[in-house]
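Look at the two complexes coming up: subunit A is in both, with subunit B in one and subunit C in the other.
Let's look at the complex of A and B:
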């Protein structure tokens, strides 16, 4: 249909657009990386300074040893890790119920669930804080997990319900014939078949809580218990900020998210696990 | 059906156990009074260098002099700080004391979040020992809700190189001289003359006031006829005229290079800024040039309204739901005495305590003299609870006028109209 000439032309256009897209995404990142090598960036360095810089790790070293950065890094790992597992697990259970069980007011309940997603954090913070305070959970990770997991469950339920519903119901029969119950169906069929969805959700959930600043600062009062985004904000001064430090700290903070992405992205490719599991 | 359900329960209980253990381990560190000491919590926003002095000098001395009180310091980031305080107050989890931006005090006082201090023992003594205008920032409804812990203001800072190129030999004393110098600098090739930080109250007010503008009447109850008076219109028109003549640096509308950058690279003639300009830039580890060497300092040039800079700084407030108000007040009083004030001033913070500010040792800090002098004529931003709300209106209208989207008269009339409505709230 196409002559070689036109197809070559289109190939060229497609590649040009793709390369342009890559450039648009990666240049700010490279710029940020280069800025971390600048000394004394109390004023944002100019492009000429940024592109003539010699790479060094001085700012990374300063940042790592400042404002309890390392301690906060570990705190954040614990908080984001537990929240991720918690919201994923509870979300999967809830989604299973919504996908496979019939009960009164099911759709109404589901809508209510979704509705809570639409309330901005800033509006909810005072009532949330009052509740956490009445439970005696201010300044504890338990209080923070309660809010993070509570908030995360909604998102993962919404996401996983749709995925669960695509899993053929007939697969359950094999378990039922062998005398297995709902738990076994959930654990041995739904979870393994939903790995792509769970992987995606894990990345969302982890990066969501890893970046979270506002709720963490409100619930956690002790300096020693604070999380990484709070440490990042500490680099913003009242009158002047060292941008090289802020960017260096941001790059360090970015690493775990990149790592999590690398771990779970394998599962993206393996979609359609249930294909061929049944005849016809 | 039974077996899987019990498994779920099992897993849930494991999660619950995790919660409880995490909860108990962190709880133990927050509350302690085993040794009969009272712990007061102090929220602050000191910078790195300032925090060091606070932790290593102030805290040990205070605790030694007051063996029954323990000071717990918590440094707060700026981002969303106000919401943090609101959440803390409404959730009964505010600290005992806080070092808070002066313009927040009336607002929180109106909310009922702060403890009135003017009726406490020793208040009069504190009041007579500090500068008057910083003290005034604590007033709400005729009573005081805090004490000023440090103050600051902005002065005029000139780039020596640019002045030389323009053939100007000394810092301009009046607004006319300033404009003339900026013209010469511009003609000599400078990228910018007068560097106003932004089209907002903090940036514009020193010029607006010095050029004769006003925001309210004397007792801060009326805006109509003041913020839109002929003098105010003339003041803002003058600033806009400078802009049209190219005498202002692009920073007023957020243009590049930034204010500090422009001065550091000898591209702007003058900026107005606080003592942090020196304390931050002098502390840079690998600085190419010393800011003391390449700048000249002067008071904000005088105009029809005098030399009027704007007061910044922080007040020390006690929260209404503090569990240890007496001990908190003891600390607040102590913090305003000469010794701790002097210690904190080592970092470039200007003491509010008169004796500490006039101490020869403090005045030896190479850049502070002009700041202390400027404080005598500097004005606080209107100390009303509605300031933050009014500021938004003011900033927006000023920017519109500067961008030429609105005439100066219209912009200030609208500010007056909206301001009056805000004042009535």
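Let's look at the complex of A and C:
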């Protein structure tokens, strides 16, 4: 049995480095949180002010009731929620097709999928807009959902296919003996066994659309239909110097994603996560 | 898509007397159609989605790059050959964008890779408790909003003594003589952008390496330690070689990520001061949506896409068919 003995000193050093790393990631968030407790922050609050605040929810209340913030929050929840469920379902369906079936041009199609993933998204925004415009879906959530779900299918297929291929084919036999077909195999075997991968994808999908700014800005024109990221940018434009408000709004905007992350965190697989790093 | 549907609707003609040579070919086609019939309900929606919202827009984008494109319905969009591409090389702004995009790649990829590997190895050490907690915290910046984190960085790097970074470096530590106006100068603004980029994305590298490290079978270490290897030698002779393929995967993705830098710049400096921190994607976006130069914007996008494609393609072979997904 191998054991590498590590002296107490080195253990201490390693822990110190890791905790330093955590501090670098966490302290900015804490500083942001403290700033939201500052009263009347019409100018940039001094660090000494920020460190001596007493927690209160005044700024949160102000922000929540101001500029239809609540409305935008619900809008974003609706958009990200539907997109997440749609993306998961469509991604799983398409990945299942690629993972379990043999058919002509399969690898060609898959390579084409891969190819499109390397191309910067901005190149496609203008033509995507014309497609939505031709469908008469500008300024509707349907247009936005189509773009998020349809545009995201390539990445989710790529992500889930690899995972589906690790599921042993023998598991299908019991369903086949019962006379079940491809749909039941998909529903009763592939989906339940892929919970970790689907959970990971749920995090990406939700946080991706929740935070999406550029496409939403081109598709949505109506003020009442705006999403949270757009509202945040506008809010920041109007109250440029009131950081307490801006961060109170920001923290409200962060909450759902952090919640989803914590809920699905258990299922977080090793996974490629290429989505996460690249498109934010 | 269009090529598939007619095939499916045409019933194979069995009544014809086939000649023996085309028999095999015909069988293959029939088999292919049957296979498509099976997979059809599962693949069709995804395929339509990808074709309509991804593949078609990309092709259309390439075509637009050769046009003086007008978005107004009915207006003409004359073809102008390579004019949009030539334009790029006369454009001062484009030089800045290319320079900054490359610089971002050269600066952030090595740092990101190194930090990611080190943190992953440390978290994976056998005596470390709360591995999952560390992983969760390191990954936290990845899932938070670009816009919010950009606000946060602008706030931390604010001018004067009230910015936390200036406060720490000047007032507390005395490392700098006077507070720095971080976002007002080209190079300090770039420094902020790079820091932002690394801070926001390094968790991804940590998570990938951590997964790879945990995938290395314990027996390999046991075997090596029986042979008398320990500590550093185990790391050098067992861990490093086994991480090879993951490293290539990580590097490719880091390069693509660094190349695709966009919200980092758009939300922090918006290209300023005077366009000196502009990068390719933010320039592409602004040319299209602020200046309505759709053709020119597309030409920039095509050039950028080709570069990324080239980099990925040449490296892809090294990964082979291994997938880390």
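Keep in mind that, in the parts below, the second predicted complex is superposed on the first by the 248 of 280 C-alpha atoms of A that agree within 3 Å, B and C clash if a C-alpha of one lies under 4 Å from a C-alpha of the other, contacts with A are read in each partner's own complex, and residues count from 1 in each chain.
What we mean here is this: a residue touches a chain if its C-beta (ideal position, glycine included) is under 8 Å from a C-beta of that chain, and two chains touch if they have at least 3 such contacts.
Values in this document were obtained by computation on a predicted structure and should not be read as measured data.
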When subunit B and subunit C are modelled together on subunit A, clash or fit: clash
Touching partner for A:236 - first (subunit B), second (subunit C), both, neither: both
Winner by number of subunit A residues touched, once subunit B and subunit C are compared: C
Contacts of A:218 with subunit B and subunit C, given as first, second, both or neither: both
A:24 touches, of subunit B and subunit C: first, second, both or neither? second
A:139 touches, of subunit B and subunit C: first, second, both or neither? first
Contacts of A:182 with subunit B and subunit C, given as first, second, both or neither: both
A:153 touches, of subunit B and subunit C: first, second, both or neither? second
Which superposed partner A:44 touches (first subunit B, second subunit C, both, neither): both
First (subunit B), second (subunit C), both or neither touched by A:122: both
Identified clashing stretch of subunit B versus subunit C [37-45, 163-171, 181-189 or 253-261]: 253-261
Contact residues common to both interfaces of subunit A (with subunit B and with subunit C): 43-44, 46, 93, 122, 125-126, 130, 146, 182, 186, 213-214, 218, 233, 236
For the subunit A and subunit C complex, residues of the former touching the latter: 1-4, 6, 11, 14-15, 17-18, 21-22, 24-26, 28-29, 31-32, 35, 43-47, 90-91, 93-94, 96-98, 101-104, 109, 112-113, 115-116, 118-120, 122-128, 130-131, 146-147, 149-151, 153-154, 157-159, 161-163, 182, 186, 203, 207, 210-211, 213-214, 218, 229, 232-233, 236, 243, 246-247, 250, 253-254, 257-258, 261, 265, 269-274, 276-280
Subunit A contact footprint on subunit C (complex, rising order): 32, 35-36, 38-39, 42-43, 45-50, 52-58, 60-61, 64, 71, 118-119, 122-123, 125-128, 134, 136-138, 140-148, 151-153, 155-156, 158, 160-164, 167, 199-201, 203-205, 207-208, 210-212, 214-215, 218, 221-222, 224-226, 230-231, 234, 249, 253-254, 256-257, 260, 262-263, 280-281, 284-285, 288-289, 294, 297-298, 301-302, 304-305, 308-309, 312, 323-325
Residue ranges of subunit A touching subunit B (in the complex, touch as defined): 39-40, 42-44, 46, 66-67, 82, 86, 89, 93, 122, 125-126, 129-130, 132-133, 137-143, 145-146, 181-184, 186, 213-214, 217-218, 221-225, 230, 233-234, 236-240
Residue ranges of subunit B in contact with subunit A within the complex: 1, 3-5, 7-8, 11, 15, 18-20, 22-23, 26-27, 29-30, 45, 47-48, 74-80, 83-84, 86-88, 90-93, 257-258, 260-261, 264, 274, 276, 280-281, 284-287
